[in-house]
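Below: a set of structures, written as structure tokens.
Two complexes, one shared chain (subunit A), two partners (subunit B, subunit C).
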Partner chain A sequence: MTLIKKALTTSIALATASAMAATAQANMSDNEVRIGYLADMSGTYRDLAGPGGLTAMEMAIEDFGGSVNDAPIVVFSADDRNSADVGANTVRGWVDQENVDMVGGLVASSVTIAVTKVIEESNGLALVSGSAASSITNEHCTPNHIHWVYDTYPLANGTAKAVVEQGGDTWFMLTADYAFGHALEGDVTKVVEENGGEIVGGVRHPFPTSDFSSYILQAQSSGAKIVGLANAGADTVNAITTASQFGVTQSGQQLAGLLIFLNDVHAMGLESTQNLLLTTGWYWDMDEQSREWAERYYERMERMPTMVQAGIYSSTMHYLKAVEEAGTDDPETVRAQMAEMPIEDFFARNGSIREDGRMIHDMYLAQVKTPEESTGEWDLYEILSTIPAEEAYRPLSESNCDLVQN
Partner chain B sequence: MATTETARIPSAAMQRQRRANMRRNMFYLALIVIGLVAPFLAYPVFLMKILCFALFACSFNLLLGYAGLLSFGHAAFLATGGYVTGYLLSSYPGITPEVGILIGTLAGVALGAVFGLLAIRRQGIYFAMVTLALAQLMFFFFIQAPFTGGEDGLHGVARGHFLGFISLNDNLSMYYFVFAVFLIGFAIIQRTVHSPFGQVLKAIRENEPRAVSLGYNVDAYKLLAFVISAGLAGLAGSTKTLVFQLASLTDAHWHMSGEVILMTLLGGVGTLLGPIMGAGIVVSLQHLLAQSPLGNWVNVILGLLFVVCVLSFRSGIVGELAKSYRKNFK
Partner chain C sequence: MTMIFGVPLAAFTGQLMLGLINGAFYALLSLGLAVIFGLLKIVNFAHGAMYMLGAFATLLGMQYLGINYWVSLILVPLVVGGFGMLIERFILRRISHLDHLYGLLLTFGLALIFEGTLVNFFGVSGLRYPTPELLQGGYNLGFMFLPIYRGWVLLAALVVCLGTWFIIERTRLGAYLRAGTENSALMQAFGVNVPLLITLTYGFGVALAAFAGVLAAPLYPVSPTMGSSLLIVVFAVVVIGGMGSILGSILTGLAMGLIEGLTKVYYPEAANTVIFLVMILVLMLRPAGLFGKEA
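Here is the complex of A and B:
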């Protein structure tokens, strides 16, 4: 009896307390800002985003003070196992059961597209940091998500243009034989030809491929100055390693990686990746404020952050600022608020959010250092030039997104 | 006197049989009741996922457990059903979900007939390899085919209205729809296993040359079992696409063919309820672990579980339970 009484009084007290809290933060759903972190925590993209991305998100929340207008910030995290249905299912559960306000992370494009459909249906908000596909803010755009760090358009565009300008005017394309590779190949071909270069040959390899030797030999005998790698992940790593074993770079040809990340270069080592040209959205050693943040990250993870991890910090921080400014966590209001505020932090320079959900910011052309130039384990890139935000991304005039008036 | 004596013996046996049947029916009834109230106790979308995979595992078990054929390419049927249904429902909005599912299932049946004709000529490991190779063929087809969306997958499949007027957008009504589909699938398997056809399958599993010598056309039986199994896997894939509103390459990947073996062996191969139990355990584990700090250990934990299962309880959880029930209560 006393137990029941006790339980009753406690629940009444709790109810009163929460009712009081509710009046204090009337505009925060559940009196909490709930953020979900969905990424590949165990597979191919673990090093690109994974647990490090979660750490970056937690750093943003800590730096923000752990609460917005007295509403505590709560993080849920899950592994999407690079599977669209696991990802969509998890997010559906978060939205239905936990009333999650924003979902961040999001790496594999198939997962991201599936998740953004769920988010659009429930009118939530997703901040995409890890995905590469430019279709996410093109034919798959929704008013409910923002694509933060990079996409294939600036990567292909930036790298191809810079390479041709540096005199690499004959290309051999090594393309993964599926939609993503074809799209990347198309983008590169266009840029190369527009800038006066020429595609002298190409070969399509199945996805995935582990033995690249015959393709690399074809590339070598083509006589092209540049071998463009229109593939991703393990395929790119295998192609670069094979090219290094066959002495492609030593014999005067140069590789152009279109989708390659800091963790890939670190894993392969400078011996096989030296002189590789690539475009990146951010590099930890590019200036003082980037280094400062990267050092803090390094203390926790004992790895230097990739651009995706830095982007997760940046997007979470910008989201929290927008929630604070708007005084509510209502997704629509926050989305509008985010677009209104310019983005200028250690990660993004000249950043702004377009109506198609693309966050545009300055991108950088980088070259991988040679083992002699490198001064440490993580001293991997040399930033050659900056690609201004407006030039880097697909212009809105070419967009197929329904949200853009063309 | 003698006639009544002989008449009484079979009647006693029949009575025992009738009692066993009644017990089984009561048991099934209890399970159905649990299935009916479950969405009020747990998250319906999660339960639907379990049901879809349970049906998939049951279809696989029909082949492995009752015909002794280890197919290593069942993902192809799951994915085919899923893609066909997904494509129809997203491209032709006039099609109702049950028609979409039906056509998806038929696609599974058709593919099963083609695979079956090629694969049943071989036995054991060769059979497994042929099915794996054919499934990989389908995987690459799905990557290239324009209607599947390649590695991005097929998205935004509308759940639509069942029979044209019951909206399935509500998770609860969707759950009961999936539950009904599952029961139909399970009933087909139950009926198949306990039919004379099922008895012949078991005979083939136990001793194929003897079945041949008894005059059975072994290949025809195996082919039919393969086609039924493929059709049910297609049904599971179609239903899954409708639930998640997407179809992706994960379903076509050989990992999926491996996962269904894990589910079936864990639950108990050759038992009707084993695959359901196995699917429930594997899906729940993946779901729980994905959201816990152990998230990046999912594959390791599932692998360990598989090793433990194979080493210590080879007939699976339901198989072991059934054994101990027979030992202690009969």
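Here is the complex of A and C:
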């Protein structure tokens, strides 16, 4: 009896609710906006995106009010363990069985390239925030994904150019021996040579490597003014720490880290990273807006956010606004709507989405503070200059993306 | 300038020195594994985790209890070793009568649990432990700049390795240990408490790993995954040296450090694989390992 009663009331309630929301939800699939969060939750890249990125995504959804035009927003999340197979299968399941409308996060470039292929086949939408490879919006571009925070092009362009201009014209490259490292090394070589510098030597180290002492010794005996680090995560941390132990900077050489995240600098400490030049898409302490958001994030995570985590908030928020504006969660319509609206929030300045899927926005050249300059645990960077959005990223005229008509 | 295969002599000597220092680490870790395998017949996959726990105990001891490096050097191996004894007494002993494979799986599972728990609290970026003041700076040896701390690591590791070898091969306690593993029933008949002996041995092997962890703390970022990346190499060293051979694992550890060091100069792309190539060669030519007794 009670069961029937319950079912009856529920259906009446549902009918009323859906009648009320019918107009608004008419175009929302399943009457829900379903978002998937895929990232490395436990491995090398955990700290730069990981659980913190999920928190950032949830903050965006909360700030948006938890629903779009009365359709509740539901989040799915999974650990890709930096495996392209795991990532692609998870996303295939989300799209086929759960009707997930958008997939966000996406860190290791190899996983991202595999996932965006799945998304393209099912005509979904992916917002890539963590990956580095510029090929994601170049030869691997699809009409179904947008690359949000940064890529290897501005990293090389920003840091290498600034270093050569400051007189660092001879380089020794320390490169991670896999696709990402090779790409970054290529971009850096091009920038250094174009600006009148020279690559005098280099070594490609296995990925991952825990002991860099031998490579640092080789860099020291090369006599180059700059030791360029075309690697990421734990490799970069190990290389910089070892360089500091072997007195690389004291003997007049300087390090140029090409992909450094806030959590890396925090982990290494200022003693071994001071004065390091780096390019970043965002820094928590760069202005009032950023600080305000970062403080809210800190209250939840007890860590300051990286540019990737901030970018996940920014991209999720922009997505939700576009869904609201378009009145549907249909990926193609939302993708077009996103590209129409300019992006101007605490994360992105002068942001816009290009036809190749690259979200271009102002990038920043930063320098790591010395222990004397720093006033707190997370007071780590000084922003030296802004690289305008138009200059920062690979120009469309050089693009190999099929979506760009050259 | 004198050149050796296209590399200046000075740079070559520097690389040999670094190889020796890494080799000392391999020796220290593979020694603990060899002791445990030789005497207990346990393939201890938790060894890397114990090394990691040693480094973490050092770091946390300084942060929360103000224990300095020198005290940690003694205290941490005792604490982590004691923890190892609890694991042996209450967990490993239950499966001691089963096939080796069970011990391997059990210790591997334990390692994953320790690692996962710490990842949850500390992330994976790694934490810094400052180099003790007395050992900061470095010497210019002419052919290279040698950080004092690395020199100290080499010295400390060698002293502990040789001390262990001496205890096991040259003292009465060592003789008991070896006899106990050879024929425990007979030893018990002589009134020796063999189970206690085994617990102590496991604790000692773990303490060696923890000692290596203390040495590593100022050298590498202290991270929950630091052990698992090293463990596979150390296993290869043990296999090359001959499972269970004490002196074999010390000498092989040092030799593999040197070989790896030279690979980093001549063909860096292969630096992570060269030890496994040697392992394959050794297994083909001398399946019991370089210093192992023929089975």
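Just so we're on the same page, the second predicted complex is superposed on the first by the 382 of 406 C-alpha atoms of A that agree within 3 Å, B and C clash if a C-alpha of one lies under 4 Å from a C-alpha of the other, contacts with A are read in each partner's own complex, and residues count from 1 in each chain.
Just so we're on the same page, a residue touches a chain if its C-beta (ideal position, glycine included) is under 8 Å from a C-beta of that chain, and two chains touch if they have at least 3 such contacts.
Source: prediction; values computed, not measured.
In the superposition on chain A, A:Thr44 contacts subunit C only, with no contact to subunit B.
Of the two partner chains, both subunit B and subunit C are touched by A:Pro206. Of the two partner chains placed by superposition, A:Arg291 touches none, neither subunit B nor subunit C. With both structures placed on the common chain, the touch criterion links A:Ser214 to subunit C but leaves subunit B unconnected. In the superposition on chain A, A:Val86 contacts subunit B only, with no contact to subunit C. In the superposed model, A:Asn263 makes contact with subunit C only, not with subunit B. Overlap of the subunit B and subunit C interfaces on subunit A comprises residues 42, 46, 50, 177, 206. Here subunit B touches subunit A in the complex through residues 43, 45-46, 49, 140, 143-144, 149-153, 155-156, 171, 240, 244-246, 248-251, 286-287, 289-291, 295-299, going by the rule given at the top. On the subunit C side of its complex with subunit A, the touching residues are 8, 10-11, 14-15, 18-19, 21-22, 116, 119, 123-128, 131, 138, 144-145, 147, 149-150, 219-221, 223, 225-226, 229-230, 261, 264-265, 268-273.
The touching residues of subunit A, counted against subunit B in their complex, run 41-42, 46, 50-51, 76-86, 88-90, 92-93, 96-97, 109-110, 113-114, 117, 133, 135, 140, 177-180, 206-207. In the complex of the two chains, the subunit A residues touching subunit C come out as 42-44, 46-47, 50, 177, 203-206, 208-211, 213-215, 217-218, 220-221, 234, 237-238, 241, 245-247, 251, 263-264, 266-269, 272.
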